[in-house]
Structures are given as structure tokens and as C-alpha cells.
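Below, chain A partners chain B and then partners chain C, in two separate complexes.
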Partner chain A sequence: MKKKVISILLSTAMIASALGGCGSSPETPAADTAVPAETPAAPAETTAAPADDTASSSDSSSLAYTGELEIMHYSTSEESQGNGGSDGFRTVLADWDAAHPDITLTQNILANAEYKTQIATLAAADDLPDVFLLQGMNTIEWAKQGLVYDLTDTIKASPYYSDYNTAYFTPFTTEDKIYGFPCLTGGTCTVVLYDKQMWKDAGYDAFPTTWADVEAASEYFNGQGITTVAFGNGGKWQANSCFMSTLGNRYTGPEWFSGLIAKSGASFEDAEFVASLAETQRLFTETKIFNPDYNAVTNEDAREYYIAGTAAAFIGGNWDESYIAATLQESDPDKWANIGFAVLPQPADATKAPNSQNIGLGYAVAINSKVADDPDKLAAAIDLAEYITGPAFSSFVAEKYALGGLTKVSDVDLSGFDQITQDFYNWSYIDTETCEIYDSYINSAVWDVFNTDLQDLMNGDKTPEEVAANAQAAYEANY
Partner chain B sequence: MLKTIKPKGWVVALYLLVPVALFVFTVFMPLITAFVYSFFEWKGGPNKTFIGLDNYLTLIQDKTFWESFWHNIYLVAACIIGQVGIAFVLVLMINSKLVKFKGIHRTFGFFPSTIAAVCIGLIWNMIYHYQYGIINWFLKLIGKPELCKVWLNEPNLVMLLVSIPLIWQYIGYYMVIIMSAIASIDTEIFESAEIDGANGFQRAIYIVLPLIKNTMIVCLTLCIAGNMKAFDNIYVMTAGGPGTSSMVMAMYGYQISFNQSNMGYGSCISVGIFVLSLLVIGGSQRMLNQFTKEKD
Partner chain C sequence: MAVTNKNSEIKTHKVKDVILGVLLNLVLVIFSITCIFPLVWMIYSSVKEKRAFNADIIGFPKQPTLENYIRILTNSDYHLGESMMNSVRTTALSVLFIVLFGFIVGYILARVRFKGNRILYGMFLMGMLIPIHSLLVPIYVVFNRVGISNKWFTLLLPYISFGLPLAIFLVEGFVKGIPVALEEAAAIDGSSFSRTLWSIILPICKPILVTIGIISTFGNWNEFSFALVLIKNQALQTVPLALTQFKGQFASDYPKQMAAMLITMSPIVILYFAFSKEIIKGMVAGAVKG
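== the complex of A and B ==
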């Protein structure tokens, strides 16, 4: 009897522990629903950076506030190696810190996946840090809850306002109010990287502009035992961020997605969008273009296929491009010199924007609305947000990495950069049309349902109509 | 003498105070708060709206949740057979006179239990890997490349495939428990059984099993409780995919709470997991007791 009681007690305690784990642990890694940024698994690091007034190079305006200012972000030191946005962010943050010796800037730095879980937990507890990075798709909900400070007037009064690329504010704007300074670098989420030499050998001078041609090329590559295009959707968000967002636009045009954001009648069940889902399903299930394990590997794995030469092309985001270029430049300069960039090919039955790619800034520097209780602290937080997204950042990333930020940098001198960096800059900002990144908008509940279903769709286990209906139901219930 | 050594009641209470307070704070408080939050619509942030039993009504009709529940039951069944069953057989083998280097077997058997679940998931990800995995490599080696699969992308197989690392990881853990129980059986019993002509199988079923019955019940309870809260291995290997083919309850609760920022419904799922786990464990204990009573 005693043993029975003990075993029952034991099991109750174990389940209770499990429940405790599910209910409120912020330490488990998060599943990515949308990541327009590199996400290495780096440990959390908290640094209370000491003030250093000798290295001052940034804004020296005197702020009345003295004391602690907390910022939470995901530009870890690991990520900043090879990632221009992170490197720039860390650099300007350090500059601001050095220029304000009376303010103790406390940085809480997490890897991207952990950051998203942590910030969601802190938002739920109404305990956000003073300054943090707001993801586009959280803007509406968090603004509604009064968690983020309305920066509309501040932004319009900013000395840098005339230089801002105002389109980048859209994901962080709701009901005509702006809640953040878009930050980091504006990079594409959908780029086709291809090996020019391999495609030349297959009889193509450039990457095909239609899926029909890619399909034809796949016969040649499959004969050689090479994957035509490598893609990884193991994290579930990749098919949305790095494929559907652009492919959908080829069928629907930008008005449809604007209508979806504005709730003005557009629906996931609209025929054009369903057609884009059907084409996605066809490409993945009926053709032999992609690596068979596209649903089991992540983008990090799939890009290794390209690097290893077992795939002739790869579809991913700017964070993959910077990794591939940096790796090949060191390990295989010939293959590096053969990197070409292309937009997603056009489906036969799509009629819109054949030269489009989705680009934008997925995060913005936002301020906790509670900071407004102390006007001096608010002024310091605004100064920080303005500085780390301003010309200092844009100039740094433009000059060092040929990347663009929120502030326009005129006459970027590309001559000092290698050919691949120049090519990618031109491809990203000059030679292509842009479209929106789906999961920078609407909300995470909708995209989580959609992303899960997309995996089934790409396996042929759900029909395009079912996926569209589920997404629409989640949209109606949560947005 | 004993009375003088025995500490006073208040000393014992003082020693217990810190761990008990920690336990209450980290286990029972979240449990109670999750229960309270489960009656609210709470999409993160300070605003919560009381919605009564709406979350529970949603939960009852939530197909993904029930699919996840059955996946947990599948895991429990697979792990009872795999973890406890194989551990029992291995212990008998190690205890046999024919086996040499018993210490090495014990150490290596227990070794996987010391590895973090996330690492186990990554190791098995490599084993199942389509291009570089050892399984597909072996299939190609024996001239059967047509059998190669993207293992973790097979909706019908994926639950079995994510169970295997879990089984492999915990066999050693149950081996140690069962081994210590068997060690406490008087060796004379085995000797007399041997003299009576009982073979190994008969000794296992008619002597060992009844004598370590209570330990086996604890093992089964631990196994069931452990698998009702399975999360980490599967999260690393498939994140519940493809689609929801390997989704388990804890992961679904996590997904709703953190990926979808729906803390109210996520709390409701946590309460659901707690209740269902209690029912499964209570039910299985009842069955086991009934079964062993009949035997007695």
C-alpha cells in the first residue's frame, strides 16, 4: 500500500513538472515561424557594458538621463561574424554606449530563436525591456495591448526623416501610428543562388526564368546525380518566408496581400492564391527539381548541399547568401567566383511581377510604453533607437558590406568590393522589383497554422484548398 | 540513544523548508496559475478577457490536440515495450553466467541516458539523414538503393522513428533500476529453481518477474509519466512534422503558447495534458494492480 502511495505521488510530481515546463518556461528553444535573419544557436550573453568616454564616436548630445537603460536584441557576437547587419548593429550600439558615459547600457543578447520565445514571454508578462526589437507581425497585437510606445511624432520629427526609406515602416504601422524604427539590414528573403559553371555545362547561360526550363534542366542534373535546386523547410517557416511569399505575389500581385493586411475583403481562399499553392505542390511533389529531403532538412543543411557541389542552385534568404559567399570565398574561390543570383522562376500560369523578390526589414527598434513615465529616460531611449537605425548604421553596413538599412545612403561606392558582393547589391536593390514578406505582417497565429500545413502540402498530404481554408479560418479567428 | 541523535521536529522542518518552498514555487504555482489562465483569452500582454470554459470547449474539438494525445499514447506503448521490456531482457542476459565483462555492459548500457536529449536528437537526425545517414548508406551498400527514404518525412513511419532514439536513450536507465531489484533477490531461490530444472525463460517469468513486481510497477509509471511529457528529442528531430505527423501534446502546448502567442489556450492545453496524464497513469496503475492481484 505504502509503495502504491509513493508511486502515485511520484507520478503526480512528474506530470506536474511536465506541466510546469509547458506553462511558463522561457528557456526552451523556439520554433521559427519567420526568420529574416541568421539564427545560430548561440548561448545567451548578458553584458553590462562599461561606459568608455574615450572611444566616443557617435552622437555627443547631452541627455539629462543618468542611470540604467536596458536593451534586448539578437545580434550575438557569433552571428555578427559574416553577417553585416549584426556587425553593424553591435558597432553602432557600442558607439552610442561609449558616447553616453552617464548611462549604463545593459544588453541582453540572445540567439534569434531564443530571442523570439523570450520576448513573447516578457510581452505576456508585461515586463518588456526598455528597448527591444519588435517583429513586424507582433505590431498590431502589442500596440493594441499598449505594450509599445507610439513613435509616430518622434519619427516624423527625426533629423534623419528625409533620408528614411519610408516603405520599411509599413510592417510596424497600425492605424496610422508607427511603433518602431526598422533596424538591421534590408535583405531579400528569397534569392536563387546558382553555380554559373554548372548551369553553363547544362546548356544555360543564366538561371532559367521559368519553372518549365528548370524542370527541363533537372533531367540533365538528375542524370549527373546532382540536385537541381536545394531547399530546406525542416523548420517549417522557410517555405513561407523564402518561397510562397514571392511565388504567391506572382499570382496575386501586391494588392491581394495589401487587402489581406487591411482586412478589405482579400482571402486566402481567393482563386489566385490557391493557384499559387497548387503550383508549389506541383513543383515539390511532381517534379524532380528539389532535393528529396526538403521537408526534413533546414536551410542551414540545404545550403551545405550547394557548397559541397551536390546541388546546382539553392533557394534561401540574404542570411544564407552571406554564409555561402563567406564559406566559399575561403574554401573554394573558383566556385565562389561562379556564384550567380536570380529571382524565383515564373510559373507558366502566373501573370504578375516576374522579376520580384521579397525584401524588407523584419524587425524594428521599439520602446516599452512604460519608459514614457520618465521623460528623461524616454529621451535617452529615443536617442538610442534613432542612432542605431540612423545614418551611422547605414553608412557602416554600406561601406563595409554593401548592404542597405533604414536610411538611404547615396552614392554607395561599390568599387572597393569584390564582384560577388557588388552583384548581390545590384541584384537586391537595383535590378529587381520588390514585394512584401508575408510573415512580417498579420500575426504569428495565422502563420504558424499556415507553415505547418505548407509542409503537408509539399508532401502531397493536404490539398491547396484545405491549406487555404485552414489559413483563412486562422486568419478570421486571430486577426 | 536514538532519541538523542534524532533531530527535533523543527530542525527537520527548517531543513525541508527551502526545497519544499522551491518545489511549490516552481511546480505547484505554475500549475495553479496555468489553471487560472486557462479561463482567459490571453494573447500575450497585460490584457486578459475572462471567457469561462471556451478554451476547454475548443480543446475538446481540437483535432491536432487529440492527434497529439494519441501520439503520446503510441510513445508510451512503444517505450514500455522498448525501454522497460528490452531493459528487462538485457538485465537477464547480463546476469547470466555466460556473459563476461558485466561492468562494461552496465556502463555502456547506461551511457546514452547521460547524454542530453537534444544531442540524442541530433545524433539520430544524422543516422536518418537522407544523403549522409548511415541507414541509407547501408541500404545502398547492400544494393537496395530503392529502399532509401527521407525517413523523417514519412508521415506513417515518423512516430516509430522518433520513438527509437527515446527507447535507445532510456534502456540503460531502466536496466540499472531492474538490476538493483534483481540483486536483492536471494540467490538460493535461483539455485533451487535450477535444481528443479527450471530453464532461463521459466526463471524469468515465474521467479524474477513476481519478485520484482513492485519495482516493475515503478518503472512502468516512470516510463508512462516520462513519455506523456515527451518534447525535446522530437522537437530537435522533426519539430512535430511533417505537418503534425509527430506532434506530441507538450510540443503542441508550446507551439500554441509561444509560436502563436496564445497563452490562454496554451495554459488550457497544459491543464489538459495534466488531466489526461493523470488519467492514463491512474488507469494503468489500476490495471497493473488488478492484473498482479489476480496472479497472486
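== the complex of A and C ==
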């Protein structure tokens, strides 16, 4: 009898869930323009940038193509909640779709990790979708294989070219040819969030600019039972993306990494880079700055230490900033008002770019080279790529989220945003220098080796020289 | 005096037995808790807010909410209903064919002597040794060239192909344990080959077929790699693929993911309750136990 009752209850749940999902139209999801819970507070009166405030290239009458156009991306409905770039991407994509009723825009949307697996399989089978998101690290290889359409002339002839932030094209450029329109939002990957009041109590008016001062402050904080800086590298990528990319640049300068990308002689075993690894190891194993479980917890766990007040600062990316700010604004407005932003402190023996942080666009909208067989279809694909990375997108994310995209938006009105959002915008785009995000370039085979070794390095299980040698071997074998 | 000693010995013995019993039961209780806790954790975490979960992963919810369930069931972008239907259809059909073909082929390989019998058997078994990930791209290319990728039946082919080796292996071994005299007696009584196969051997093989059914059902319901590579149309996605959408690039909504998992687990749980007796029998009688 009990089993029957349970079976009936579960059957009801199944039918309810089936009915809940039946009304979907997955091929053309509607834009979700609701303000996500985790994003910086948007001004109430802000609305999405209307499609007509941009160039008329998205007008359906200008395109001769009628038929299906396939796009593959990872801005899922879930991703767009709490991620301004994804929300903007879905919104402008829906706008373009609505403006082109003669073109059937088929969207294949997967979560980011699955997207990367499927797009790699499709590339291996030479069956990429018409339009897709190209990851910086795949550019050279896929361009060499002729899988991606060369957009150099198109981009240079674009009506928005003068407004483009041309530095963002670097990961998608090889042999002077550009293979994609950088997309989504360019947010920092390395920001130090700190509690101004806690640091004031420790005797610092602002977050220290050198690691020596942070080390000195850690004695005070440890005495209080507080972690000085929270960091989580449980996923292995965090130490690379949110620490080494910036710290390495402080030792090597940008030329070293450009040389690594261009294969023009730079090596992971160069003394400057090895010195940055040595400093990373020293900071994590010889000082008591960080939470002891930094290699076991992820950034999602570590930021909770900051929110709970058991850490005086946190190192993470822009996605962590938006989560922390939104959480504290709701749960602890005083602590929220005390959020400060800083770049990574400068190591004592580093000589380059002390005010730098890594920022960039990791993906670009690219076009399958086979689309060029049909000039009308190619024109439609270009129009789509141009539109979803152009002013419509940038205005949307600037006005709603205070974020930046490929196209510069002049006179961004920040007055409607709260102080923290304004501070973060200024810190990200105005007050700091930028450097590259390592894993936007080269390829995953190299970074897989490097990230695993980096974790060992931070545990004290490998020497900087070993890590550098392994990374160099992986680089030579795979790039 | 002797009686008193004997009594105290019996008492000591009883106490020892009780202590042993308590200890053994304690071990079993702890083991059971470790098995069931993930499910219990999933259930109570699914009624937590994302922030409450991130702040305290293991703790009980202070303010339980059904918000996650409501969001999942009301947001058509999640298409969980559709994906469940796809999974039910794919799993049911592939399991049916695996059991059917596995039974026929396994029986023939066990009973019918012909040239190349062992080679064929060995070739089928080789299927169990090939890591499927190494075949993803070639299979995708073949399916694409033939024009059968991204269809409702696309996943049936790899699921049946990769499910058959184990089914054949189990049926072949099981049939070899059945006395040949049974089929000989049936033949003397005038039973045809097919009648013997379906009316006499099939009922005897029921436990092993149930075992194959269970293994295949769970394997196919949870299969991810082929579903990811061969299916591009969202409307054809299966449950494991649909569940990935709750994982973001930099952050994941675990409570919502758990709520979605509980919803999508329901058909399998229903199946278990509906066939629990058969499943237990199959697990006990089949070649693959517990």
C-alpha cells in the first residue's frame, strides 16, 4: 500500500515536471531581461538598449539571405542569471532574431564546459556550426586548419571599427589575420576585494601595495583569528587565471607572454617567470596570508569567508565581485559599503607594471569558413556577429550592469548605479593598467599541465624550476 | 558452585554476544548512513537558497523554500520535461533491444556450434574493452555523413551496440548453466527451435535478463558522452545533458541542480518501486550480484 502511495506521488511529480517543461520553444529562447539576483544593482529606470540606436546593419531588408542560420553558444538561461554578459548576449541575439523574420536562427545552447567539449568535437569532425564562439586558445590551430573564416577585412570595414577596443582582438589574431568579433563582457580576472574598515583597524588606510605590507598585516589579522586574504584554488584554474596571469606580468612584462604566444623565443623557463613562480610558492607556503585550505576550496567557498567576515580580503574575478556585492548589499549593508578594490600587491623583486590587472574577452563570435560558399548567408552571419558584439550589446551591459564589451561606450552614465558598482567600473576600466589572461591563449593541453603543477607548487610539493620545465615541455609538445 | 560458574559464563557469553551484535549493527548502520546520506543531503539542500547553501554546505536549511522547484518547473528554458521524455524513450527502447538481441545472440553462441563461434563471441566481448571516448569523434563523423546524427533515434544505436557485449556475455554464461537435456526433452516432445527458445529458455533466463535490464537502464539513463556529442538540438537532449545547464562558467547553483536531479530521478525511482521484487530477485539470481 505504502509503495503504491509513493509511486502515485512520484508519478504526479513526474507528470507535473513534464507539463512544466512542455511549453518550451528551445530553438529560439526568448530574451530573459529580468534583473538577475546576483548582479550589481541596476538603476530602476534603466531599460535595455533599443535596437534602433545602433547602425542599421541588422535591418532585415539589407540581407538577401533567407533560410536557416545556426549559432552555438553557452549563454544558457541559467548563465544569464548573475552574468551581465550572458544576459546581454541573449538579449541582443533575440533582438537580431526578431528583426530578421526571414532567417531562421537556430540556437544550440550548452553550458560552458559542455560547449567546449562539443565545439572541439565538431571542429575535429570539420562540422562547426555557421556561427559559434571561438575560444582564444583555439584560434591559431583552427585558423591553420582553415575552419574559421578570416574576418580581418570585414572587421576593419565595420561601421563600429573606430569604437572597438582593438586590444581585445589579440587572442583571436594570428599572422595578422583576425578570426572573430570578441564577445561578451571584459571583466577583470584578478581583483582584490577588501574590507576598508577591517584594514583601517589594522592600521592601513587602503589595501597595501606590496606583499611585504600584507605579510606584516597578516600578523595582526592572525592574532584576531581572521584570515588576511581568502583564496580558493580547488578548481585548479583559479591560481592561473586569478593570480599568476597578473603576478607573472609583474616580473616578465607583457612582451614575454606575447613572445610565448608568437613562439618567438620566450620560454616558461625564463628566469623572470621562474622568479614569479618562486614568489607564488613563497606567498602560499611560507607566509600566513592565505586561508590554509586555499588548494581545497574553490573561489565560491573562499568568497564566503570574506562575506562572513572571517577574511579581511579576497582575491577573485569580476564574477566573484558581483556575487559578494549583491550578497552583502542584501545581508550586511555596512560591510557592503566598506568594500574596496585593489590590484595585486607588488612583490619586492618585481619591477614591472605594479598597477596591472588581467582583463580581456576570452571568446569571439566566429564564422565557419564553409559559410563563405554562400555569399548571402555569409553576409547574414557577419551581420549577426557584428550586431551581437556591437553598440547594442555594449550599451545594454553598460547601462544595466556597468560592464564593458568590445565596443566602447562613450559617456556611460554611472549615476544611477550604487557607489560600489561605480567604484568597480572605474577600477576595472579607468584606474588600472591591463594585462593578458594567460589561459585565453596557447592551448588547454599546456594549461592542464601547468594548473596541476601550480597546485603542487602552492602545496610545496614541486619546485618552481620543475613547474617551469614541465610547462615548457607541454608547450613544446602541444603548441 | 559449578552451576553458578556456568550461569556466569552464560551471562558473559550473552553480554559478549550483545556487544558484538551492537558493534556489528553499528557498523552496518554507519555504512547505511554513508549510502543514504547523499540522497538525504540532496533532498534538504534542494530546499535551500543558493546563498544559504554556499555559506553552509552541510547544514540543514534554516528557511526551507520550494523556490528552486518552482523556478525549474515554471521556466520553459530548462526543458526538463522534454529531456525526461527523451531519456525515457531512449532508455526504454535501447534496453528492450539490448535484452532482446542479447538473449538471442547469447543463446545461439552458447548452444549452436558453428565455425567461428568463439571468434564471434570474442569479437563481441572486445566491445567491452574499447573505451567509448576514443570513438566519439569517429562515430560523430560516421553518423553525420550518413545523416543520422541529431535525430530522436540517434542515441539508440551506440547505446544498443555498447550494451550488447555485456548482455551477450551474461546470457551466454547463464545459458551454459542450463542442462541441455531440457531442450532435448522439448525436442522429443515436438517443440520447434523458436518455441523452445521463447517458451522454455526465456522464462528460465528471466533473472539474468532482469539483471541486464537493470544495468542497461541505469547505464543508458545516465549516459552523457554520446548524448553530448551526437545531439545538437536542445529538444532532443536527455536528462544528464539538461542538468548541465545549472552549472555556470564561474559559479554553480547547486540547490537548483539538486532539485532538478530529484525531479529527474523520479522515473527511475518509480521504476524501482514498480519492479522492486523482480529487481531484488534478479540481483540475487543473476550472475552480477549486489
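Here, the second predicted complex is superposed on the first by the 418 of 479 C-alpha atoms of A that agree within 3 Å, B and C clash if a C-alpha of one lies under 4 Å from a C-alpha of the other, contacts with A are read in each partner's own complex, and residues count from 1 in each chain.
As a working rule, a contact is a pair of C-beta atoms (placed from the backbone, for glycine too) under 8 Å apart; a residue touches a chain by one contact, two chains touch by 3 or more.
From a predicted model like this one, the values you see are computed outputs, not experimental measurements.
**Q** Is A:305 in contact with chain B, with chain C, with both, or with neither (first, second, both, neither)?
**A** first
**Q** When the two structures are overlaid on chain A, which partner does A:445 contact: first (chain B), second (chain C), both, or neither?
**A** first
**Q** For A:225, select first, second, both or neither according to whether it touches chain B, chain C, the two together, or no partner.
**A** Once the two structures are laid over each other on A, A:225 reaches no partner at all.
**Q** Could you tell me if A:462 is touching chain B, chain C, both of them or neither one (first, second, both, neither)?
**A** A:462 sits against chain B, while chain C stays out of touch.
**Q** I'd like to know which partner A:293 touches here: chain B for first, chain C for second, both or neither.
**A** In the superposition, A:293 contacts chain B only.
**Q** Kindly classify A:327 by the partners it touches after superposition: chain B alone (first), chain C alone (second), both, or neither?
**A** After superposing on A, A:327 lies in contact with chain C but is clear of chain B.
**Q** Output check: A:236 vs chain B and chain C. Expected answer is one of first, second, both, neither. What do you get?
**A** first
**Q** For A:141, is the partner it touches chain B (first), chain C (second), both, or none of the two (neither)?
**A** first
**Q** Where does A:265 make contact in the superposed view: on chain B (first), on chain C (second), on both, or on neither?
**A** Neither partner.
**Q** Could you tell me which stretches of chain A are touched by chain B in one complex and by chain C in the other?
**A** Comparing the two interfaces on chain A, one with chain B and one with chain C, the shared residues are 3, 7, 10-11, 13-14, 16-24, 29, 117, 121, 124.
**Q** Can you tell me which positions in chain A touch chain B when the two form their complex?
**A** Chain A reaches chain B through residues 3-4, 7-8, 10-24, 28-31, 33, 116-117, 120-121, 123-124, 126, 138, 141-142, 144-147, 234-236, 291-293, 295-297, 305, 310, 443-445, 448-449, 452-453, 455-456, 459, 461-462, 478.
**Q** Provide the residue numbers of chain A that touch chain C in the complex, in ascending order.
**A** 3, 6-7, 10-11, 13-14, 16-27, 29, 32, 72, 74, 76-79, 82-83, 107-114, 117-118, 121-122, 124-125, 127, 129, 299-301, 304, 307-308, 317, 319-320, 323, 327, 331
**Q** So in the complex, the part of chain C that touches chain A is made up of which residues?
**A** So the residues of chain C in touch with chain A come to 51, 54-55, 72-85, 136-137, 140-141, 144, 228-229, 232-235, 241, 244-253, 256, 263-264, 266-267, 269-270, 273-274, 276.
**Q** Where on chain B does chain A make contact in their complex?
**A** Touching chain A: residues 26-28, 30-31, 33-34, 42-47, 128-131, 150-153, 155, 214, 217-218, 221-222, 224-226, 228-229, 231-232, 235, 238-244, 250, 253-255, 257-263, 266-267, 269-271, 273-274, 277-278, 281-282, 285, 289 of chain B.
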